[in-house]
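Below are two complexes that have subunit A in common, paired first with subunit B and then with subunit C.
What follows is the complex of A and B.
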């Protein structure tokens, strides 16, 4: 820092800052500034996460506010994992009770994984085959249909809740496992959100020259075979991207899940995590433990697949 | 598979046959129209997957079908509801309201019956009646469920149970219950709420503990859908403007029913000051919030991306990974974490500000504090995405341009404004617009962070930080709201706004689709 400040002082006296600095000095200043800025920003990014980890180990249910917990306790982790633990009810008499979650919160995480995984797999199937139709086959109103898909998808899911309720209420009368308060019902509704993924996959398909498929056709492969055997394997990266994006999106979906799933053993992570934060009683400790437990694996998966995702975002979104 | 191989035939049959059976069940359950539409869909499915001429659509059918059911149908349904009066006051369809009114009875002093309950299973019973004056008149019901329902109104919503005459000498199956068993609350309470209907359309229900007596329906249904009161001759008719049954003086009877109301809901948004006032304010805030969110997260994202592209900076890989974190963590969790950090009294943010600057903003109770907090959190959530996509664009700018400008004596700031921004903004514009549209409907952030609060003074269920989509949700689902009609009208307007944005976006980006 000292090397940076000395030239500055000279400038403030003369008033002609930049011209006096040698190019190497300029670059040095800029480098320091760049590092300082990035580190400052990273602190802003990391502090909330560190505080949540700390709150999950802190005794009592306090809002995340300390970097290192003052009184360490594993009670929240035990609660979240469904392990019974002793809690002092009355400090004066030393009376204790055993606390155990009625529905282990870990179950919500598992429910979320199940729902998101199946829904994302379904999305891959639906949007992948549709994208093939749009990219490789020709039919009337092709571009009009594509445009319509994109525009209609702008209707927010939250506002369709009344209709979703009606649909699931109806299906539940005839197929009980597909009605309200069922995870298959929720998955079914999630499968509607395919159009942006169709666009992404279609954009990727179009970057692949059709010549390979054409020569396979000449060798006697059917259209379906060229799709399954040639196009799909080449397009694996975009499917990975779509899967991860869809998966993360569904892990975070709150409003529809909160209306469809009513009983707590069916809840997804988002609904369950929010249930700890009632207006009257906010159980920050339990929430933090659940957040850390479920946030970490997803974050790690995302970071591992980072390269794919960035490539997919750029190719699918920006391609002209 | 093109020419209908045996395998494809089997697969089509495996899907179509259960579907046809389901359709048959639907038809039997009396949902004729839905069964018909379902049948058409099945036929379409078979045609698409077996006819070579529909080959293209084999790839599109599953996706488009799901889209039609879960996007297009809800959309049309919402638009339809927006033209009706449909709220907690006008909840049921007209037919249900008529049948509810028709369940109202008055005592006629007609026949009285002795009764017995025949137990069939744990919850199923048959009611047996014998006329006190004419013991040959005996009736029995079909087995019916008798359990205490939790809601008291649920009982009155049950349709009367039909009774059939019992041929002489025949007894209903099962064991008759003894009187003490019948009078237990578990049976007696649901029994008291039940009505039964004789073959001559007279209703019977319990009178006291020991007897059933005939009661006449209070209202006679006339062919023109009016109802006549048999006690005093009043005629009430459905008023399709208010959605209630009224007499000549305009007095309301019974519960309301859903009615077509044309543009009434839309007119309310424009003219009713209680809705129009909050609507305009919320609209302005929604636009401001979306625009500021996009601009600031794009600004931060580009800035970081540019710095990270500078080859002289070391540890760029680590920086980038750490800076993506807010995008990688599920947003629901991050939002709730911030709810804790921004807690007005005990939150980390205010503790820090108090310690450093003796200053503690009211993030929860002051509208401006809440708005600033939302924007800060949204930038934190949104900049990594902007950073990722601008990185992609930056990498496609040839280095030679910067080298040339360096020879002309440029500096990084000038480069940024004169080369970088002009080069990356046009191709990123579609993404910026769709990001605007996303934030326009960013329900989760508001709902989980502030729940719309603080409340708007004189705005009813509107909150100062509500976006239009949250406001709509409040009108439809919050306790004091439940006005589905009005909510659907706002939703339709919202869709028009965002749909137009998407259309413009498509026009700008898609020279070729």
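What follows is the complex of A and C.
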């Protein structure tokens, strides 16, 4: 019997049944792959963070251990928050002692916030006004100066540690509160790191059409008034970004602070936390608790600044 | 009164680079007098120096040489705010973070005027411009036309003696542009202030200006009222720039022919030849066997003979654009291309033979070397 063979039958006869994916199936597979990648990525980011939190709640100071401690202990947090607690010194005799930090770690925490906040505010002021000059004023060697700034920012601050030490040693002879082992001295060094921020803010200023400032000038505003009343409010988003970046950076800065600040009541959080890591014994628990603590002000600053980072703040003023 | 008169003398603007070396001269020694209360339009293609001139009057650009005086006072070294001017920008230049009220009041606040006075002035101006319902809004919430009206209001509240407009309508859509055009003209009538208006749009220039200053490459080509500019262009550039569609311009030579004179277009063969008639012959006499540019406006090519001397041209229709009341007909006569604006409500079709009447009283001849009109 001869029958008309349909193409479909032909396919089944050869035995290679090739399933064709419908477009919806293709999209579904793509989605699954994308999600798998993203979830993997999130795990990669979150696991170290969770490890730090878990280390801060775990009894003892063992770094590599299970993710969720079987026994939750608050000793590290008590230590960090300056609450005295009892510790068994000798398990055989049951001898105990009261543990309390010599310098309360909360003081370091406060020092860090103080230094980071003042330094970041100073950064905003300095880099904002410098960026205005570079974006809007025309003077000799403008591009040469900008290029120099760009090259200078490529060297890490640590390279100049010796110089910072000498500078502060020198200023300390004449202005004691601005010398070595002082927080104002540290802030002064921190304020030097503005070149990358100048570039960032300058780039933003250049997206703002100059006609807005020209209009203010015709309205009778001085250059300073134009800067304060027109350019600054419009540039709120970039200043928020710069503030956050600077704040995060200074909150966790270690090398410069560790050289400049010598007495423990002047220390910032990063220096203080590092003091728990002795060569002989690394007190990971206290270190972790401090690390978690340092994230708190960063989070708060971020949430506060977030509302300034809104797109389209300039829109409506001009038509492109 | 010459309170709002603007006098521009030997004005030069040369831009310099970072190191102070001259790069580009935007305005090359121009002289212009603008009467008190006059609506002067600066028009020209982009890069002709019209905006630079306006910005120098405003005080936003430094003057390289020459002087500008407003109301008899030289303002070269005066701050913009002291010059008695207000400016409306092409991109509105509103302050996006301020309400409409504050946008308009900003100048008065900086001048430390009394609060009552400010709210009264802004309120009145906003009402006149139909903006009083949106004083508390931000510019973002307004349409393009409304924004430009805010910019206009911001200029008005400063009660300047000279208004400066830098292409204020070019960002608006066509309908809004026509509306704002008449609004600015009405404002000029009401306030009677001097207004200097920069545009690249010759229709805006023709419809709004008391006088028009046509510029090219940093030089003034002609200053005249709209009709003079249209009827008696001083040179080739103005003839080609003003009018839409533009004047027909043909390059050719004047010959003696059959006892009279004729213009023949430059061409290898089949050149368009126009026998000259009427007063134009006296001018053409000086250019016998010399090159000239022959110019005629599209409306002076017609189907019927009107007053004055006429010459009949045989031509074929290339393209026709019926506009309703008239048609723009692209004609081919010999090798010459001519546009005719022919009244009448009938259609033309491609390849049709048309005998057009050329009004010889309306012909312009231009010198090829100087590009000036022959007169």
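Methods note: the second predicted complex is superposed on the first by the 276 of 320 C-alpha atoms of A that agree within 3 Å, B and C clash if a C-alpha of one lies under 4 Å from a C-alpha of the other, contacts with A are read in each partner's own complex, and residues count from 1 in each chain.
To be clear about the criterion, a residue touches a chain if its C-beta (ideal position, glycine included) is under 8 Å from a C-beta of that chain, and two chains touch if they have at least 3 such contacts.
A quick note: this is a predicted structure, and the numbers were derived from the prediction, not measured.
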Is A:248 touching anything from subunit B or subunit C once the two structures are fitted on A? First, second, both or neither. first
One more residue to check, A:151. First (subunit B), second (subunit C), both or neither? first
With the two complexes superposed on chain A, say which partner A:230 touches: subunit B (first), subunit C (second), both, or neither. second
Who does A:221 touch here: subunit B (first), subunit C (second), both, or neither? second
State whether A:143 touches subunit B only (first), subunit C only (second), both chains, or neither. both
Which partner does A:212 reach: the first (subunit B), the second (subunit C), both, or neither? second
Would you check which partner chain A:189 touches, where first means subunit B only, second means subunit C only, and both and neither mean what they say? first
Who touches more of subunit A, subunit B or subunit C? B
For subunit A, which residues belong to both interfaces, subunit B and subunit C? 138, 142-143, 313-314, 317-318, 320
Complex contact set, residues of subunit B against subunit A: 1-2, 22, 25-26, 29, 34, 55-57, 59-60, 62-64, 66-67, 69-75, 77-78, 81, 304, 307-308, 310, 312-313, 319, 321-334, 336-341, 343, 346-348, 351, 380, 385, 388-389, 391-393, 411-412, 427-428, 430-431, 437, 441, 443-444, 447-448, 469, 472-473, 476-477, 484, 487-488, 491, 494-495, 498-499, 501-503, 506, 509-511, 513
In the complex, subunit A touches subunit C at residues 138, 140, 142-143, 209, 211-212, 214-221, 225, 230, 233-234, 312-320
In their shared complex, at which residues does subunit A touch subunit B? 18, 27, 30-31, 34-35, 37-38, 41-42, 44-49, 51-52, 55, 62-66, 125-127, 129-130, 132-134, 137-139, 142-143, 145-147, 149-156, 158-164, 166-167, 170, 173-175, 188-189, 191-195, 198, 222-224, 227, 248, 251-252, 254-255, 259, 269-270, 273-274, 277, 282, 284, 287-288, 291, 294-295, 298-299, 302-303, 306, 309-311, 313-314, 317-318, 320
The answer for subunit C against subunit A in the complex is residues 18-20, 58-60, 79-81, 85-87, 89-97, 106-107, 110-111, 138-142, 144, 147, 154, 158, 171
